[in-house]
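Below, chain A partners chain B and then partners chain C, in two separate complexes.
After this line comes the complex of A and B, so read on.
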């Protein structure tokens, strides 16, 4: 099965490379949005209790999450397209084991997530962001970023497998985006003054993913933030993968 | 002779109680080309999906290559190759990449993959286009690659679901040649669905005609036509000839048939073409053209279902 997974992951990566919009957008757009937000919200650093004097360092977690959203939606769309075109049937006619399809597909997503994480981190270091957790923190950051891509990717795959529709997967993007914006993306939760927003951000798992990444950059080793971030990413991955596996079983009704 | 495909009472119902396949029985001998003929929506593709393990049957049973399609799906998949109705290819991959992926999923070793890929590209005439993305392939090239993919792991049984639909005559002829070669040189059993009468006539050793999910006729094309047995004479009246007069002259020879051009009669044994000519001559009835049509598979379909296969379209 390993060979099958590697071949399918390879195909997923090749597909991504040959669709420049699928990798240029996640590499550029989140950083562009970060630049805009940083310019506009820099004054937030003067708020009492703001955890750092660099808004850039505070905000660097954003591209990691937004990039994961892009990778997820693109991957989900690719899988849905395979269903629509009948390519999934072609694969189903081979002795390929069903889990290999899902793992191989998500393997490609993870490779993309890894490349994105490396790019965001490199840009952050070049523009002067200092990683308080050091080199070990960078490795943990990579691990967390990849785990987040896997978690989101599994939900992208789930949407593709359940609906078999590229349009339906595309429609996920704004939903994920809402989660991203109603989070502690722009301000620490304790500094959000609007009650409902603070409550929503506290209930939103994306806040904890952002805070885990952020802690490695601006705090160093915040075990609580890391524990929450990793736990949420792992739980999301398990739930997403389980549901996707069930959806795959239904979708590939082969005997 | 060994049976390659054995089907008994196969049924497939979809939501809403729609019976796409309503209990079919058929046997395909090893090394045979079996033509599965029917209009769109007759149940051809649903049958192929069941026999290739992509769709579980609602009832009935089938064995392909000796393996039960429900209980031994993986074994069936190792035995068969299939080119389904839509040549489902990835527009972003090249022909060579498709073949390598297919071969690796079939567990072919890396060194053997290289050799087999070259061999298949050569066979389907895609050597020069091997490293081009599929997005730039013509319909014929896609079909040829589709066939190469189906043959990648040297299957004993090949399912071709409307393989020539949409192809130009040259590509269609090339694909027919390859199917014949596979049977002749490699003894591959071919289950071929088609809505083209000519294709079934040219390729198939035996034909099964399916309509509304049921097999309405089965046998060799010669036997099926002989069963109908009666040729049709079609006369195109000359300008000054009354069609009613022509009908009256032809009616004694058999049953009048619908004809878009003139008057047609299916001969029932009360005379042959020569007798028809004599009757027209003695009645001084002038005709612009006179044809004798030997029975076709369409006549067989018409006789069995009351409808013509050509132009009979229902969404599947």
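After this line comes the complex of A and C, so read on.
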């Protein structure tokens, strides 16, 4: 089983590397958006109650989440393509175990998530962001970033397994994007003036994922923010993996 | 001239019909500007209180102008995707054979882009007014604001048409969107020019979109500034990109597409 998982994870990573658009976009685009938003909103740090005097430090959580979205959609599309091209059908004829397929596939996503997190953190350090939580905080940040990739990745896999369509998985991206934008991405929730937006951001789990990463950078060890962030990432992972396993069972039975 | 307009009307109507009858084309074009508007105007309204931020009609109107111009540019770009689709399906080949004046094809796509954006702009304006947007400008100011957006729509279409006619594949889609996306976002999107960070302020100063955006915002506020310059720049861009699009058409003709 471990051998099967490793084989499929390796295939997933190599496949991503062979499609430059799939790894260049998640590495560059979130940082470009971060640069634009930071340049445009740095004056927001002068708002009373803003938690830091560096908008860059405040906003550094954004690329981690957006990168996770990119990785998720790309991986989901790859899995959907496997279904469309009949690869999954052929795999079903081999002694490959179903859980190995899912774990192997998500293993590849996690490797990409890890590479992305390392890149974002390196860029952040080079441009002057300092983690208040120190080196240990960087390790926790890595763990959380990878967990977030797993959580989102499991939903990408679910979409691929349920629909078997690359187009349907692509259409998930705008949905994820809505979750990202209607969150505390640009301002802390207590500084969001519009009531409905603040309520939506408070109900949005992505806000807590962002705030957990942000807390490691600008606050230090905020156990409440970290607890909420990790809990949400873990619950999302469990729900996503459970539903994906069920979808995989149905998909394999169909084939 | 009559032949050109006849082709343009047919192509424009077809684009509009396709857009209205295909939900996968219609919905994103409507949803994304509304989404950006709610995310920016709703989530960032407190930005209005930043020291040095002075916009008399409020942050909703400030963001409305950006989203209006953005939607205009992207309606043009999305129509460019339709041009590529016409190449990929072979429709363009038949269209070129049938059209007595092929410049009408480009003009027709421009009509299609304008029709597409008109629907989005109507929806966006209605949502902004329902959300309580203040408007300081009079009828003439607002007419000028929408006229400016029409020119931005033409710029978006002509740029993407030039790319579409040269590459004739959807793989060139990033080339159509990315320059437009970057030029829009390297402008004073969230705050006025004076409040941007140093490096972004330098880029924004050189970016013609800044002039269009500032003129548009001054029009909605009812205190027009640099409007003449903005129209001049917009017209120059339309002229330049018209040449770019027509030369692209000639390249497509030469390639036998």
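Definition applied: the second predicted complex is superposed on the first by the 253 of 255 C-alpha atoms of A that agree within 3 Å, B and C clash if a C-alpha of one lies under 4 Å from a C-alpha of the other, contacts with A are read in each partner's own complex, and residues count from 1 in each chain.
Keep in mind that, in the parts below, a contact is a pair of C-beta atoms (placed from the backbone, for glycine too) under 8 Å apart; a residue touches a chain by one contact, two chains touch by 3 or more.
Not measured: the values here are computed from a predicted model.
Residue contacts after overlaying the shared chain place A:182 against chain C, while chain B stays out of touching range.
In the superposition on chain A, A:237 contacts neither chain B nor chain C.
When the two complexes are overlaid on their common chain A, residue A:191 makes contact with chain C while staying clear of chain B.
Look at A:133: by the touch rule set out above, it reaches neither chain B nor chain C.
Applying the stated contact rule after C-alpha superposition, one finds that A:86 touches chain B and leaves chain C untouched. Using the contact criterion defined above for the overlaid structures, shared-chain residue A:36 touches chain C, although it does not reach chain B. Of the two partner chains, neither chain B nor chain C is touched by A:66. In the superposition on chain A, the residues of chain A contacted by chain B and by chain C do not overlap at all. Those residues of chain C lying in contact with chain A across their complex are 28, 31-32, 35-36, 38-39, 42-47, 49-53, 182, 185-186, 188-191, 195-197, 199-201. Of all residues in chain B, those touching chain A in their complex are 52-56, 69-71, 73-74, 76-78, 80, 82, 84, 86, 88-90, 92-93, 97, 100-102, 104-107, 133, 149.
Contact residues on chain A toward chain B in their complex (touch as defined above): 3-4, 7-8, 11, 14-15, 18-19, 82, 85-87, 89-96, 253-255. Chain A contributes residues 32-33, 36-44, 46-47, 174, 178, 181-182, 185-187, 191-194, 196-197, 201 to its touches with chain C in the complex.
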